[in-house]
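Please find the structures below.
Here subunit A shows up in two complexes: once beside subunit B, once beside subunit C.
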Partner chain A sequence: MMEVLSPNIERTFDQCAELLRDLTFPTVAAWKQEHPGAKVIGYFPVYAPSEIIHACGMLPVALHGAGDGLELQHADARFGSFICSIVKSTLELAMTDRLAQMDGLLFSTICDSARNLAWVIKRNQPGIYVDFLHLPHNPNGTASHHFLVSEYRRLIGHLEELSGNKVTDEALRNSIAIYNENRRLLSRLYDFRMEHPERLRTWELYVLMRAGNFVPVETHNEWLRGVLEELPGRSGKKRDAIRVVVEGSFCEQPPLDLIKVMEEAGCTIADDDFILGRRWFNADIPVEGDPLMNMAESYQDRSVYSSVRHDFRNPRHKQLLEKVKHAKAQAVVFLTAKFCEPACFDYVLFKKELEAAKIPHLPLEFEEKAYTFDRFRMEVETFVESLLFE
Partner chain B sequence: MRYAAGVDVGSTQTKAVIMQDDGHEKKMIATALVDTGANVQKAGGNGFAAACKEAGIAPEQVGYVVGTGYGRYKIQFGNTQMTEISCHARGAHFLFPNTRTVIDMGGQDSKAISIGPEGNVLDFVMNDKCAAGTGRFLGNAADVLAMSLDDMGPFSLKGKNPVKITTVCTVFVESDILSYLAQGKKAEDVLSGVNLAIARRTVSLARRVPVEPAITMTGGVSRNVGMVKALEDVLGVTLQISPLAHFAGAIGAAMYALEKVNEGSEAGNGEGAHAANRGN
Partner chain C sequence: MATSEKMEYRGQIHQLQKDMMVEWYQKLNESALTGKPPAVSLMISGNCIELLEAFDLLPLYPEVNALQLAIRRQSLEPILIAEEMGYATDNCAYVKADIGAMVKGITPAGGKLPVASLALCNFVGCNVYTKWFEHIAEFQKSPLFMLDVPFLRTDSPSKDDIAYVVRQLHDLVKQLEQISGKKFDMDRFREAVRNSAKVEDLWSRIKHLSKKKPSPYDAYFDAISLMGPLYVYRANPRGVHFFEVALKEYEEMVARGQGPLEKEKFRVVLEGPPPYPFFRTFRDMFAKWGACAVASTYSTVGGLWEFGFRHDPAEPFEAIALHMIENNVTNRNYLQRYDQIRKYVDEWDADGLIIHFVKSCRLFSAGQGDMRDYFTKELGIPTLYLESDIEDPRYFSEAQIKNRMDAFFESLGHAPARTAAQLSAGRAGSGIPMVPVQSPKLRVLN
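After this line comes the complex of A and B, so read on.
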């Protein structure tokens, strides 16, 4: 298991990138070997209550599709051609037994495709425990808090049965504190990248963040602390580039090379929402008090906005403008997965708002599987040129 | 006298243009066209040398060179590279200063570009994973009809009753064409129908950016009179097409290069502003 990453920071990022590409989930296998009998829960993006899974003595592992590493032989026969890549490749992972190390899978109400994926997997793999968390969609009033607490309780009941462990309030508080620490460390890295983009490239931050989805949070925290210590001594070359915010890849993830192409083509990515930065919350979840109520309130009132969480008290198009302003960005790049309905619906909303604020934007659509990026490079370079040479 | 060059290394042909600025007027003084072939780097050099020879100047007199086209990063002697979208926009503006929209239909892709009064790119859109509306599509249709690409345009204009095409898929259109021919439809009506289907698809793509007049068409397909007519029918406007449309990318690149030469002269270093450094 990669308990300790290479002390060479450059090698660290390469190791993380290798981990993302490996569809055998080697860190999960190592964890199971070290914890005989312990269970692993794979969760589909986003807003999964990792703290609950952790407090149950289980390893939460994010399901982020299969990237470009898997040829689809089953999923295309079960889903229409208009379904996004991550849904299909996750089903393919399940049907080719690549999720065999997961003792259960958790989905939530983020979109129709994800909702149906849960039960398509269940139908095709009847032996696996599949659960579904109903996240409330109405943020007004406290009824949603109570509803979400009841959902968490239902989930805990199932997880206790599966793991044989009891989830105590104390264990939940401990897990919340550890995940708070993780989010704070990630936020520090995001702040560093915003301030010194030449010293921490986005692809590096991205692989470091995503690799944390495959290891215990305590291990990830160690990695993050190590990198944060090394970063101030790192140098980087400044380039002619435009500062952008990248928006739209909160669930399905773009190919890593596409992120690199964006940077090479002249974009300094000052902020992004890749897997929501795994931050999910704008502030710490309070540790003291009722842990489940604290989590429910945090989801409802302090979670990072995305196209699958609807909060009309603080509309997300306004939050995007705030994000652009805070990042001192000149433009926004919408990096949306093909057939991602929530992101595509929101594009209209965002586009209108950005045009009114005279902030240029570039829409790009990606699929998990892409091996050449010339077209993307040309589009990004043209966009950069249109701003650099205006 | 200041000189600048634009070199557009395309997949089949390399185009080079020399621009001159005498302080009063910016003038295109030479063009050159060479086959790209297998050695992309050499093609860029050959095109540039041929254009310098045509202009009667030594390559050293050229203050700045901008490379564009798919082989732009192979132009080792150039100062910087820009995309063909930026360059086509600027080139179309040079050829027709009233241009606000560029429709570029090339061999492998088609693009629509919305441009500002100075030829700057405001918005653009490209075809995605589909060759409909490109030279490749028309090439396939020509093959099925056993016709040369050059004959296709004038021949399709004879069609009075264009057929309806089910698909604009480059592969499946063949079935449609064969089916109509088997039904005894006239080849010119079939071709006319193909052009209309492609024109509608291209205009749908173009409408993702504001399609505002005047519209200038560039790219190899602009030489196909049948396709041009179909586009004009669908858009309801006349397209501006220059005999130099083929050089639009190189012209735009040369215009950007000339700007750099002039910026450099004003800054007093005589070598042009430094190139955009996008590298790692």
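After this line comes the complex of A and C, so read on.
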């Protein structure tokens, strides 16, 4: 396994950032070499039950498009205009054999574009296992729990066949505990950043978290623990900046430089929804008891709000306000992928709620393959100034 | 050689259809004024109108409102209002037109529209529905029922899929009892389901009449006119009567060898929703070339009946679940749609496929480039790809569409017919398993 954790914390972040840029999935290749015959499942954002994949002795790999690292030669003709970048770049990755290390690809009910993508990939990559999880939308009562358990069982059936391994309750409980640990460590890092944003920049936290998409969770846990140990000794200078919550980048990810530009232009990001699937639950999934039922109940009743999960018992626009309050933020920056339908729709009710609560916000749109940020920087600076000197 | 022919509606059903829809709008107006009967807003696709019928509740279809606004060229104003509210230019304009009209009190027929006593989101495939109904519930302060329908991600629905929907339908019944103040009556429900089965049977027979040459009606443009009664009156005896009249009329046209055009020169299959703001213009472009749609995927958004599915009164809840999960185009997966289109081309004997990409609707459009690739390269079927929008008049470029259409039909006129060998060669190479559209366990009534 590639060594990322270095005694120098800055070096760790740089190495993580390099890992994100590398479209050859070097860590996945290394894992396959170390585990001959073992299978890898790539999953499209936002959320996938990694615990199940892990319990089957497979490596779950969260896909996040191709950033600016890929020319689209096939995907544009197939997905055309008005479709977000990540759908196209993921198809391009597949059609240029860059997903060859994946033995299976998993999609879920996040939006219509991603859903059709699943089947377009299936047609163009007939050799690999492509599946689609229906994650429930009706949070009332227990029908969804039972349904989701049956959906997980269906998935397990396919994974067992693919891997030749059996998924036992014991293995599931073990995986749940390991992923709980991962989420707890991430949440500690998020808390640390909220308290001491000058000592842990958002881009650093981001690359560290995202690098976990490509390595076994056990390895990622080690990295996170290592960084958590180092952080208290780290120093940082406080700056004139406004505290913001970033909302809208739960699926397609903004270019890393864009996150840096936001920070440079005077935003202290106190909370965000980057790579939300890694932090999907706001409490541990219970380890004791029926593991699949525990996972299903957690999905419905103990998960974070998201534009792609529907829970009208507790609407997202109310929860965003809570988030802002908890983060002691002054403003919200909507960082929305171009053509991201769920995010665009949610903006309407978010906006209404924020305006009523007199919380300023800045709507911004990005594409994963963007590489010049001058206009973006100016917009953020103007917004920051208007708040700093109001 | 192109002619300047225009397609004209003939016969009594178009008038009957109009009268029935006007009457429905009058009822909505009455409900808005008196609160009676209470209205429930729901989606067209795979809906459960049978349950509303059993409770005498009035269906309110936001999609039909949006459609009516567009076809009357009234959609731009509400779209702009919605964009002022924060909706993106890229969001589905159906939603924008409906919400914009709702907040400004604009209605397509001039009368009033009631506030829904329940926003019933029968989420069937389209993820936009969930947002649309969340917003309706928020803006109108209506209670929301999110009826979650598992997407058809396997060849046919599993027992668990069906059980999940049936459980939710039972929950829904309790809510409808409260709204209507009536006790659920199983016999009335069965009766409604029986009506639906009859309508579906008639509709399906109509759909098969377009296999005739010439087809007695256009299975895109005319089918859309019939879709109003199909959704609003399906579970009602009025619906049965309407489709009896329609079938008879089309059968008579077949007997006379008559179609909607002077002469049917091309038979095409249409994929994708129509450009409602330019419905007539679009239709005339086809008529000009003597092109008649013999089948369309859009006419199956509400339900896919031509391959055998009928609501079964013996198991009414399960029937609704099966309709929702498996028997409408929007909840079926993308490759199953390829399969459906291929059947149309083969069995309805079409000369080509027209894919209408609409910007608003990613459910239909995301990936249509791949669809074109499959039909042209794998199957050798002449395919034309057009782009505009279902609702937003700003995305219709008449000259461009006309040019592409002219070029397509010009070359189609010179193309040799596909041979049987070509057809099966394409099939062998497609890599898509033939998935039966019809659920094997269902009773076929015709």
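Everything below uses one rule, namely that the second predicted complex is superposed on the first by the 387 of 390 C-alpha atoms of A that agree within 3 Å, B and C clash if a C-alpha of one lies under 4 Å from a C-alpha of the other, contacts with A are read in each partner's own complex, and residues count from 1 in each chain.
The rule is short, and it goes like this: a residue touches a chain if its C-beta (ideal position, glycine included) is under 8 Å from a C-beta of that chain, and two chains touch if they have at least 3 such contacts.
These numbers were taken from a predicted model, which means no experiment stands behind them.
Engineer: Under the superposition described at the top, does placing subunit B and subunit C together on subunit A give a clash or a fit?
Structural biologist: fit
Engineer: So, does A:Lys328 touch the first partner subunit B, the second partner subunit C, both, or neither?
Structural biologist: neither
Engineer: Taking C-alpha centres, what angle do subunit B and subunit C open up at subunit A, rounded to the nearest 10 degrees?
Structural biologist: So the C-alpha centres give an angle of 80 degrees.
Engineer: Which one hits more subunit A residues, subunit B or subunit C?
Structural biologist: Higher number of touched subunit A residues: C.
Engineer: Pick one for A:Arg225: touches subunit B only (first), subunit C only (second), both, or neither.
Structural biologist: It touches nothing on subunit B or subunit C.
Engineer: Classify the contacts of A:Asn138 with the two partner chains as first (subunit B alone), second (subunit C alone), both, or neither.
Structural biologist: second
Engineer: Between subunit B and subunit C, what is the tightest CA to CA spacing in Å in the combined model?
Structural biologist: Value for subunit B versus subunit C, nearest C-alpha atoms: 6 Å.
Engineer: Taking the contacts subunit A makes with subunit B in one complex and with subunit C in the other, which residues are shared?
Structural biologist: none
Engineer: Spell out the residues on subunit C that touch subunit A in their complex, using ranges where they run on.
Structural biologist: Answer in residue numbers: 85-88, 90-92, 95, 123, 125-128, 130-131, 134-135, 137-138, 144, 146-148, 150-151, 153-154, 158, 160-161, 163-164, 167-168, 171, 333-335, 338, 357, 359, 361-363, 365-370, 373-374, 387, 431-432.
Engineer: Could you please specify the touching residues of subunit A with respect to subunit B in the complex?
Structural biologist: Contact set of subunit A toward subunit B: 237, 239-241, 264-266, 365, 374-375, 378-379, 381-382, 384-386, 388-390.
Engineer: Give the list of subunit A residues in touch with subunit C in this complex.
Structural biologist: Listed in rising order, the residues are 76-83, 87, 109-113, 115-120, 122-124, 126, 131-134, 136-141, 143-144, 146-147, 150-151, 154, 310, 312, 315, 338-339, 341-342, 344-349, 351-352.
Engineer: Mind pulling up the subunit B residues that touch subunit A in the complex?
Structural biologist: Residues of subunit B touching subunit A: 70, 82-86, 109, 120-122, 124, 126, 128, 256, 276-280.
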